[in-house]
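Read through the structures below before going on.
The following pair of complexes shares a single chain, subunit A, combined with subunit B in the former and subunit C in the latter.
Then we have the complex of A and B:
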């Protein structure tokens, strides 16, 4: 089963990299870019085919290693082969 | 209108960072992690409220600045306030 952990800086945390990219886009002539924030996405292939087990594992991985809970939030998405996906936030 | 550009290494490109994270998860006791690949997500706030215009702008930004077309693929997602989202890949 495939899953996804999306890690983003919390809204109240400054994202200097995002600000720089927004400025670069402005310099390239893109108008109307209000804000841009950069995050990370981890695509994980898991041996289990049980969505509940997969979600628990991904949540635990996010807390243990993938996200810094002090400044980051994460979302878990499960992707079952070709069908729908689940979604869960912690922020 | 809010949009999202997700940038990932092409499947055939080695992702050493992902391999390292997968190893770290293994060391932490997580079993059954088949593969892990890391990508980037850009959350963009656009002045336009026209989905077609927004998609074209995000696609153009991805090509111009956000993705390296030699080694990366990108996906565009449009997020209309609280409603559905669109999806488009280029790979």
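Then we have the complex of A and C:
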């Protein structure tokens, strides 16, 4: 099955790229943009079809490598198996 | 005394570090990241550059190179480890130093000479400096904005782990003298034991006045003196004078004192 790990800077860590992008949107005329945070998305294909096993594996990957827990938070999303964009699981 | 200079795919300062060591009479050994031993080294330098192309996060992938298990053990045994630029990023990613390095304030790659004040001289990397001495070192990086959360920062300050802070020409502090936004103007940071030190500026690129400053040499002279002192302490403590390590250390120490 497929899983997704989303990594973002923690709220208490300044995200200068997010601030710059928010400003750019404002300059383009998009009014009302409040806070904007930039992040990274990792789409991961896993051999298992067991959601619990997949979630545990993705958690472990996030902690070991994909996110730096000092500055970043992560979210795990499980996506349905098969082609296409899939549906968001119980993330 | 031998300094192992660890380098990775994408490192680009390993030869500068070797050159700096040779200038102060230290032997060197280039240690490719795939090696699984640092035996025979008395100190380790993690060279600067862009290990693994800075993919994922600067230093994130290098921490898993085979040699790093040995580097961790080397640190735990109390031997000196210096992480320069990308080497500093690797040290914080692997947790040998606390905190993290974010993109510079203002999202600019900064390549410039910069000043920092030496606060601690009880370190194998600054013992040849005077307390309060202002060093001018080159820096060139995008992700050198040191960050630690409040609790970690309090620990760092309480343990006297800040070895240098960015400052102005007369030692004044302030945002205009902090080139990358590092919290508390931290420029060089050590572990609580004091044997592991990381900094973003490049002492190995700042070795002669022709290139703007020779201040970087002080850090390598410090390392040489620290290794010489610990080698002679070992000789004095050893009941058997014919120990291989002691015999090896003597001629190097003598020439290094010149």
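Keep this in mind: the second predicted complex is superposed on the first by the 81 of 91 C-alpha atoms of A that agree within 3 Å, B and C clash if a C-alpha of one lies under 4 Å from a C-alpha of the other, contacts with A are read in each partner's own complex, and residues count from 1 in each chain.
The definition used in the following text is that a contact is a pair of C-beta atoms (placed from the backbone, for glycine too) under 8 Å apart; a residue touches a chain by one contact, two chains touch by 3 or more.
Everything quoted here is computed from the prediction, not taken from an experiment.
Between subunit B and subunit C, more residues of subunit A are touched by B. Using the contact criterion defined above for the overlaid structures, shared-chain residue A:20 touches subunit C, although it does not reach subunit B.
Once the two complexes are overlaid on the shared chain, A:37 sits against subunit B while remaining clear of subunit C. In the superposition on chain A, A:65 makes contact with both subunit B and subunit C. Comparing which residues of subunit A touch subunit B with which touch subunit C, the overlap comprises 65-66.
The part of subunit A that touches subunit C in the complex is made up of residues 9, 12-14, 16-17, 20, 65-66, 68, 70-71. Here subunit C touches subunit A in the complex through residues 56-57, 60, 64, 92-93, 98-100, 102-103, 105-107, 147-149, going by the rule given at the top. Listing the residues of subunit B that touch subunit A in their complex gives 6, 8, 18, 21, 24-25, 28, 30-48, 57, 60-61, 64-66.
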